[in-house]
Amino acid sequence: MNYKKLISAISDELKVLEDKGKVASYIPELKKIDPGKFGLHIATVDNKSYGLGDYNEKFSIQSISKVLALTLAFKIDDNKLWDRVDVEPSGTPFNSMIQLEYEKGIPRNPLINAGALVLCDVLVSHLKNPREEFIEFLRNISGDPNIDYCYKIFESEKQTGFRNAALINLMKSFGNIKNKIETVLDFYYHLCSIEMSCKELSQVFLYLAAKGVHPATKIEVVSPSKSKRINAIMQLCGFYDEAGEFAFTVGLPGKSGVGGGIVAIHPGEFSIAVWSPRLNKKGNSYKGMRILEFLTSKTESSIF
Amino acid sequence: MNYKKLISAISDELKVLEDKGKVASYIPELKKIDPGKFGLHIATVDNKSYGLGDYNEKFSIQSISKVLALTLAFKIDDNKLWDRVDVEPSGTPFNSMIQLEYEKGIPRNPLINAGALVLCDVLVSHLKNPREEFIEFLRNISGDPNIDYCYKIFESEKQTGFRNAALINLMKSFGNIKNKIETVLDFYYHLCSIEMSCKELSQVFLYLAAKGVHPATKIEVVSPSKSKRINAIMQLCGFYDEAGEFAFTVGLPGKSGVGGGIVAIHPGEFSIAVWSPRLNKKGNSYKGMRILEFLTSKTESSIF
Amino acid sequence: MNYKKLISAISDELKVLEDKGKVASYIPELKKIDPGKFGLHIATVDNKSYGLGDYNEKFSIQSISKVLALTLAFKIDDNKLWDRVDVEPSGTPFNSMIQLEYEKGIPRNPLINAGALVLCDVLVSHLKNPREEFIEFLRNISGDPNIDYCYKIFESEKQTGFRNAALINLMKSFGNIKNKIETVLDFYYHLCSIEMSCKELSQVFLYLAAKGVHPATKIEVVSPSKSKRINAIMQLCGFYDEAGEFAFTVGLPGKSGVGGGIVAIHPGEFSIAVWSPRLNKKGNSYKGMRILEFLTSKTESSIF
Amino acid sequence: MNYKKLISAISDELKVLEDKGKVASYIPELKKIDPGKFGLHIATVDNKSYGLGDYNEKFSIQSISKVLALTLAFKIDDNKLWDRVDVEPSGTPFNSMIQLEYEKGIPRNPLINAGALVLCDVLVSHLKNPREEFIEFLRNISGDPNIDYCYKIFESEKQTGFRNAALINLMKSFGNIKNKIETVLDFYYHLCSIEMSCKELSQVFLYLAAKGVHPATKIEVVSPSKSKRINAIMQLCGFYDEAGEFAFTVGLPGKSGVGGGIVAIHPGEFSIAVWSPRLNKKGNSYKGMRILEFLTSKTESSIF
């Protein structure tokens, strides 16, 4: 693939692409962001790197970090993990509490909030200093020592997280949370507060395009089989209520965050990160979705 | 890929693989089947063909035909189709009626019963003789004039289809069914009653492994973009409540039927059909799932 | 109680009471009604009779007839009935399909549509000519030979009843409908089409104010124990999603219909029927509710 | 009514009545109770008093105290209360979280846990020392200075209350809780921990049989209109998922608690408290329900 030509075509497309939607406003810190920001970065399995726009600017990756928590929890806890969280799509957003209640505290998948809370519980059980060890894990994968939490975001999340508190208490009532609720929630809000640039993000995720081994650092982050499975989970569960839409129009496994970031993987080829803060009605970056659709149409790079 | 060695490895695996589950019993005709039957057939994009076991024996493909109805409806009705049916996974089976009610008569996707009823409504609106034209469409794709309905199955389905009648009436109450209920249901039960062998099935589906153009007949069944999208829908919605499990363990787009058949697609490579009548608790062929998992582990042929 | 003074006070109240809401429009026949109509009639256990406004004009009693179907089915089928239908309030209207699915085809109570369909199934099983015998039953109770079905309403209901068809098919799929769907639905739509005036309505229902024995005809319609139980069911389930509101503000067992009629019972004292076609958002007569609230506040005649 | 003869008949009935069900076990303190305990006490509006069995022994009244919290909150906050909590029955127990989510944090009624948490929030907003003032309120009504909290029960509830924490957090996320979650929960668990004997319980509740004025102390606890409305709410919502069953078989407004207590009101006549620790599947006292059914059949004292 001629990535340079691709970046140039995307740049042209951006000039005509309207931008719609609203910046996430449920926490004050996210509301402050300039809605006109746009970044895109591609990292290839042969260690090439292509950026566009604000690709070096850090933003709040929010739920995208769930995939990284899944990677570490899956690595540590192996298949026992799947007794406590399923791998199925979650259906309508309306259903979050309903399904958790109907399915007796077992979240549908690890990429919805309830599922990520279980991941956090697993990590809290296995790690001595979850907060430090987790961020160290990300720095090691990527070889990038600058990745870090943002404490303003962390505080903001913590003060408004009543729905997450509801979810974790409901799961605890079913026996699916082992540690103290406060400890798990504290770690969870740390997860939500990680900041990266598009460049960092695409580089951290590159192991999922390379059967689990990071092409730059040569670290085996996870086994090939687990790498494949994490991609499968992203494909089916990475976009809340819009997983089907993303598979349908983009056709790559990926994960979005309410900070406006999206990461997507073409196994064997590249990982890509885009960032544009305005969100569509389903909570995914409006422009990010559209640009990824443009990219895969242009390059016919869907996995399907 | 060395398909002959693969078939031989599968043959060995079958000797040690236990068989569990129950043959579908909701209609008498399906109950009569010998549960020990097993067939498998691979058709490749370069027109090679590899079979194992009862791969030439016809069986009831049941819901697998929904993908074929989707193909024809998508071809005819293009994007207007997606105003009447969504492309999202359906969540729990318990939800079928609930989601249809909550989402005002719009089915979650075209591969659940409610969605396929909408496809039938579309086809009844556009075709003069839906029953004849649809089977002719399948015969043309595959170049196989023997594909046909089974009238015993048709009658059996019709007499026990109260839940389908409930679904279509609910959708009609929301205005999402345009034709007479009896006409649409009649066509729907025809769809459910199609019989094919594993060989026929893998050959009919080969266009989805080849960007929409059937490698044998050279017919462009659908455009490359639509072919990709149909695969994406299969990946996310092809296995009822077990779509995630199938993506997780097998990693290919596919579709199952309660007759014990499964078809799966490796884009650019092959289509495969397996048949084994015993079903797991989610209604998918127990042995079929296990053999496809074995195959993709063996060949690392997942799309992820 | 001085009923004459009461009627006069209501007459005064009506002059200042605004009228809100909309006439039912889901079938054309109901839409034609003059929204300004108002009738009220009280029949006492000592055979006194007090009317106001259009109390002699016939209107479509709609769902109010469900209580009469319950009376006859309960009389005939006794306690076996309660294996097929529960006696609990139904919760939100959104839940109709959900609860039926969750509770495996057993309706929450006999006064919602699903429950009344089960009553119809029971009556179809036990009566030779359900249509004739049912209307005869009403004529006998009240001593009024003029009570009858309205065939225009019947036809109208039948042509738009897709949701009822969905409910009955769903119940049939669970085995909770014994007769042919068409037969039961036909009888159900007859039930919906009965016409009475406020005077007739309050007289027919008088047995529920008198422990099951009709004060005028001396017929024991049901036993005292069953009469008490029918009143209890009306109290908890007679106003769809507004049963609590009616108990809270009026405090009498009663039943409403989308034709704008409401009947209410003060055990040991009287039965009352009001009619005013404009409905509030929950589908109950706006003015009817307000006038009954006025009446029970005025007379302190609540059962609580 | 000859209460002495009635008590004697109940005494005979108890000899032949089997006892079924299980003592509540979700908190250790409740599990310790002797399942063979039985108490019954009737307090009449003319200040007569009739007891049977262990009617002077204190037990944990649990949810019965919700009616007392409702009384005080309704008295203080008047009709504004009903913007934050509805007066409708709750439907299936499965629905608790679902309805709260569907109805955007507004509980169906004040007698389910979510509703009582709103009552507690109201009381915390209006009272200086909610804990002291509430117990004082009960002592004043009844003229009984011995009514108190049980701190073992309180601690036990607090440590296992994850589901209540889930409910209150969900409501807080919708803005329907004004105070700090910890403060409201602390008061709520106090409510759950009140202990009374059958004698005390029937005496405290006597104002609801006497239009709001307590016959012994002559205190106007609430207005006649509010007393009537509290009875209506008890009738429709006092027995969780078995409100209809209780209305159907007993026919009096009442409230149960998982400690095995039930209180019921015959307006204008008496209040009655029964206590028997074994619970039926719906969480209501098995023997308590049966004895109240016997009593109202015997005396024909239903309100219907």
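We just call them A, B, C and D in the order they show up, numbering each chain from 1.
Methods note: a contact is a pair of C-beta atoms (placed from the backbone, for glycine too) under 8 Å apart; a residue touches a chain by one contact, two chains touch by 3 or more.
No experiment lies behind these values; they were computed from the predicted model shown.
**Student:** State which chains count as neighbours of chain A and simultaneously of chain D.
**Tutor:** Both chain A and chain D are touched by no common chain, going by the contact rule given at the top.
**Student:** If every chain is reduced to the average of its C-alpha atoms, which one ends up farthest from chain B?
**Tutor:** D
**Student:** Could you tell me the distance, in whole angstrom, between the mean C-alpha positions of chain B and chain D?
**Tutor:** Here the centre of chain D sits 55 Å away from the centre of chain B.
**Student:** Quick one: chain B and chain C, Cα centre-to-centre, how many Å?
**Tutor:** The answer is 48 Å.
**Student:** Please work out the Cα centroid separation of chain A and chain B, and write it as a whole number of Å.
**Tutor:** Here chain A and chain B have centroids separated by 32 Å.
**Student:** Which residues of chain D are in contact with two or more other chains?
**Tutor:** 94, 102
**Student:** Touching pairs of chains, all of them, please.
**Tutor:** Here the touching chain pairs work out to A-B, A-D, B-C, C-D.
**Student:** Quick one: which bits of chain A touch chain D in the complex? Just the residue numbers, please.
**Tutor:** 94, 96-98, 100-102, 162-163, 165-167, 169-170, 172-173, 181
**Student:** Name, in rising order, each residue of chain D that touches chain C in their complex.
**Tutor:** 86-92, 94-95, 99, 102-103, 108-109, 224-225, 227-229, 231-233, 235-237, 241-245, 247-249, 251, 253, 267, 297, 300, 302-304
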